[in-house]
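Next, two complexes with subunit A in common: one pairs it with subunit B, the other with subunit C.
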Partner chain A sequence: MIAQVGRLFPLGLLLVWESLCRLGVIDARFVPAPSAILACLVTPGSAGDLLDQMGHTLLRTLGGFVLGGAAGLGLGLTCGVCRRFDKALLPLLEILRPIPSVAIIPVAILFLGLGNGMNVAVAAFACAWPVFVAVRDAVRAVDPLLCDTARICGLTQGRAFRLVVLPASLPGAVTGLHTALGIAVAVAISSEMVASSDGLGHLAITASFSHREPLAWAAVLAMGLAGGICSLVFSFLRRLVERSRPGLLGVQYRKGKRP
Partner chain B sequence: MRLQAQDLGMDYRRTNATVAVLDNISFTLADGEFLSLLGPSGAGKTTLLRCLAGLEQPTRGVARIDGRPLCGATPGMAMVFQDYAATLFPWRTVLGNVLFGLECRNMPGSERKDRARAALADVGLADFTAHHPWELSGGMQQRVALARAVASGARLLLMDEPFASVDALTRIELEDLLLRLWSERGASVLFVTHDVDEAIYLSDRVLVLGGSPARIVGAVSVSLARPREQLRTRGESAFATLRSELFSLLNKGTAV
Partner chain C sequence: MTRLRPLIGLLAAALLWEAASRAAGTRAMPTPGEIASAFVDLVLNGTLLRALGLTLGHTTLGLGAAISLGVPLGLWMGCSRTARALLTPTMELVRPLPPPALIPPAMLLLGFGPAMYVTVVGFAACFPLLLAAMDAGRAMPAPLLDTARSLGAGRLRIATRVIAPACLPGLATGLRTALPVALIVAVLTEMVGGDGAGRLILRLQRTWRIPEMYACVIGLGLAGWALAAGLSFLERRILFWAPAYQRLPPQP
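Right, the complex of A and B next:
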């Protein structure tokens, strides 16, 4: 029941929005009616353009996610396993981590110039942190009895890491990656707003400056869509893994399955 | 395998003090013997067992296996913990968990699988090889852990209150299963428990641990006939005598 209401909620919101515009409660010059935005989406020129820009944004998101995710994984695993390394690196990481990702855009431009590389790097920087924290803590939270079991069975530290620590910290890592994906979308778009010649962020800014309000709003809606697509794809892949390798991403008791 | 503890002692260093947990522990576990370590909760039984397993380094003394000083994990030794759920890998199937015990063995994959399947059949889980541990009941999970220890061909089994977290009926079942496996495979068993009746029922000899730091306050030989049977053995008059003997030793231990 609640799920059905939840599904219909965005539709209801659009209806209310539309009627408020028609009744003149909302000034359509600043907030165009959904129908106007929709019209903008289906206009041959701009619709194709919108999809095109969304493609740019998604590619940057993906690039940042992969690079930042890999960096966060590597750093998190190393800091989780090796206390000394973690202590040595902690001051540097804790200074870098609170820097807003948008604030590093000027520096990133200095190093990488304007272009895709810069946008991807900024998204990667923002992505790395949640993955780093989640993975480091997941490695530390691995039950010591699991590691004892590996030692008793005579496994070397390297094999114990591969066969025990790595899979045991995977559920935590996946949660970190899911968080990072949302951040990647948001940061890729913000970096496009500041410094890019394409992408949804750039489109929204230029449309707004040139008083094409419906297009600006359409770009914003497309951003939400882009984030939604990313999350859906992630959840889909996650479910595929859960189905083919039960227990790998954490144990979920289903109804009637609990012993 | 023969296990020998010689003047073992263990201190834990706290921030401003050193706490002695174990002191002057000496005993020998003969080849093929079933020996229980009995003591109240918090007496240091688990610490002692972890020292003997090579998981912790004792502060004083040495442990020897077949005469050689113990260092780190020893091939031929297996351990079963109380917290079975935390020692089974949720991402591995039941068979995969048993195979883990053979992970560092140099043998072809098919032979490993045969051994693992045989061990699982031995503990009555032949039909559950493809299940995951979290799909099984507590007693079944502990059987998987037992199968893993047995499959590795262990000659020395260290057991840390293995049946303390299962219900009474399952416990009886697991005790008899353990005795059967022990008599069939002829390994030495060092069994840690806080249950007097369980110690008597299973063992050839019971060592009582007590005091702070923990010492061995007494040893009792159990000469009840084998094979043992739950009702008959526990009903014997010798059983009652042993029980009162052990209880008075436990009391003596706490009084120290």
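Right, the complex of A and C next:
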């Protein structure tokens, strides 16, 4: 019963919003009614525009995620395995890490100019950090017993890394990648808002500056959709991998079969 | 020698940067010395400190709003099954919204100004806090509540003397996640909107005062570091009793 009410709750909020707009309590010039936003989503012209811009945003997100994820993975693995390298690099990373990622945008504009490369680079910078931290911690948390066993069994360092350390740190890496994906979407949109000529972020800002409020709100809705799509696709892929290779991404327990 | 090793990395990076900027010869890459002197100039004439003060003000106000909204809501959702069933669908609908998505609506609703910055930062920082509070509330050991109840504690007393301390470590984790998000979103809204360090960086870049721009980026990095360090200091002072913060014996 309560679950039903909970599911209808968002709908109720929308109804309240609509009626407030109709009654004139909210200024419909700035906050259009949900019906107006919906109309904007369905109208072929603006819908096509939105889809187009969403494609740009998603491509940038993907580019940043792949580049940043790869950088984070590489750096995290190296720092996790090689203590000396980690110690030497740590102060530099500790200086770079707290810089808010959007503060990098002007620097990226200097080097890459305005365009796709800049947006992708900023997204990559932002999403390299969570992956780096997660992978480094995961590598360090590998059970020493496993490493010792590998050494006793006569595995060379390279093989031990490939067969023991890598699989053992995979679950941590996947968690870091999931966090990074959300960050990639957010930062791609941020960089579009500040410096770009297309993408959802740019569309939302220009639409709200040029008195096309329904379009701006529709773009915001599309941003939520883009974030949701990314998260869903990631979870789907993860479940796919888990089904074909059980236990690869973390220990799984069936209900009632806990050891 | 081993204690100096961390410095070697920094020194190597600085030398590399110096060499690269000499070799490139563009004004896009000033030498470390130029950046340092620009940093000192900006600090001495007060520009940087004023801008950082504004940014930090927006960040902390937004965080305050997020805490006062997200934590009670999260605790309520964590402790009461009814609240969870009621509010989870709405939360799941709003959650995929990336934090910067709130900037255009806030701009239209509130115009530019502190209210808008604080709203956007508050929204962005709210979700990590809400989720952490919900998890902390759900992970409350039931015996604690039962004991308190059987000893005759009232509802208010249970909330303040049992639930709050039990959830504090979880909330601290949420706050640690929310802090960088809040700072990033504060800088972003300032870039789109009007003042603070975000605006300063963009203005310096557009007027081609590159060393000053780098100095401002470094200033923001320092601000972020100071916030994180301050939080972890507070955590260690307040939560010294929590298992996660107790100093572990050195590993063999």
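Here is the rule we use: the second predicted complex is superposed on the first by the 241 of 259 C-alpha atoms of A that agree within 3 Å, B and C clash if a C-alpha of one lies under 4 Å from a C-alpha of the other, contacts with A are read in each partner's own complex, and residues count from 1 in each chain.
The working rule: a contact is a pair of C-beta atoms (placed from the backbone, for glycine too) under 8 Å apart; a residue touches a chain by one contact, two chains touch by 3 or more.
Only a predicted model underlies this, so the values are computations on that prediction, with no experimental measurement involved.
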Subunit B versus subunit C, judged by how many residues of subunit A each one touches: C
Contacts of A:Phe30 with subunit B and subunit C, given as first, second, both or neither: second
Contacts of A:Leu155 with subunit B and subunit C, given as first, second, both or neither: first
Partner chain(s) touched by A:Asp143 [first = subunit B, second = subunit C, both, neither]: first
Touched partner set for A:Pro167, first subunit B, second subunit C, both or neither: first
First (subunit B), second (subunit C), both or neither touched by A:Gly113: neither
Doubly contacted subunit A residues - partners subunit C and subunit B: none
Of all residues in subunit B, those that touch subunit A in their complex: 53-55, 72-73, 75, 77-79, 81, 83, 86-87, 89-92, 100-101, 103-104, 132-138, 140, 152
Subunit A-facing residues of subunit C, complex: 5-10, 12-13, 28, 82, 85-90, 93-94, 96-105, 107-109, 180, 183-184, 186-188, 191-192, 197-198, 201-202, 204-205, 210, 213-214, 216-218, 220-225, 227-228
Contact footprint of subunit B on subunit A as seen in their complex: 143, 145-146, 148-149, 151-156, 159, 163-164, 167-168, 170, 245-248, 250-251, 253, 257, 259
Partner subunit C, residues of subunit A touching it in the complex: 2-3, 5-7, 9-10, 13, 30-31, 84, 87-92, 94-96, 98-107, 109-111, 182, 185-186, 189-190, 193-194, 201, 204-205, 207-208, 213, 216-217, 219-220, 223-228, 231
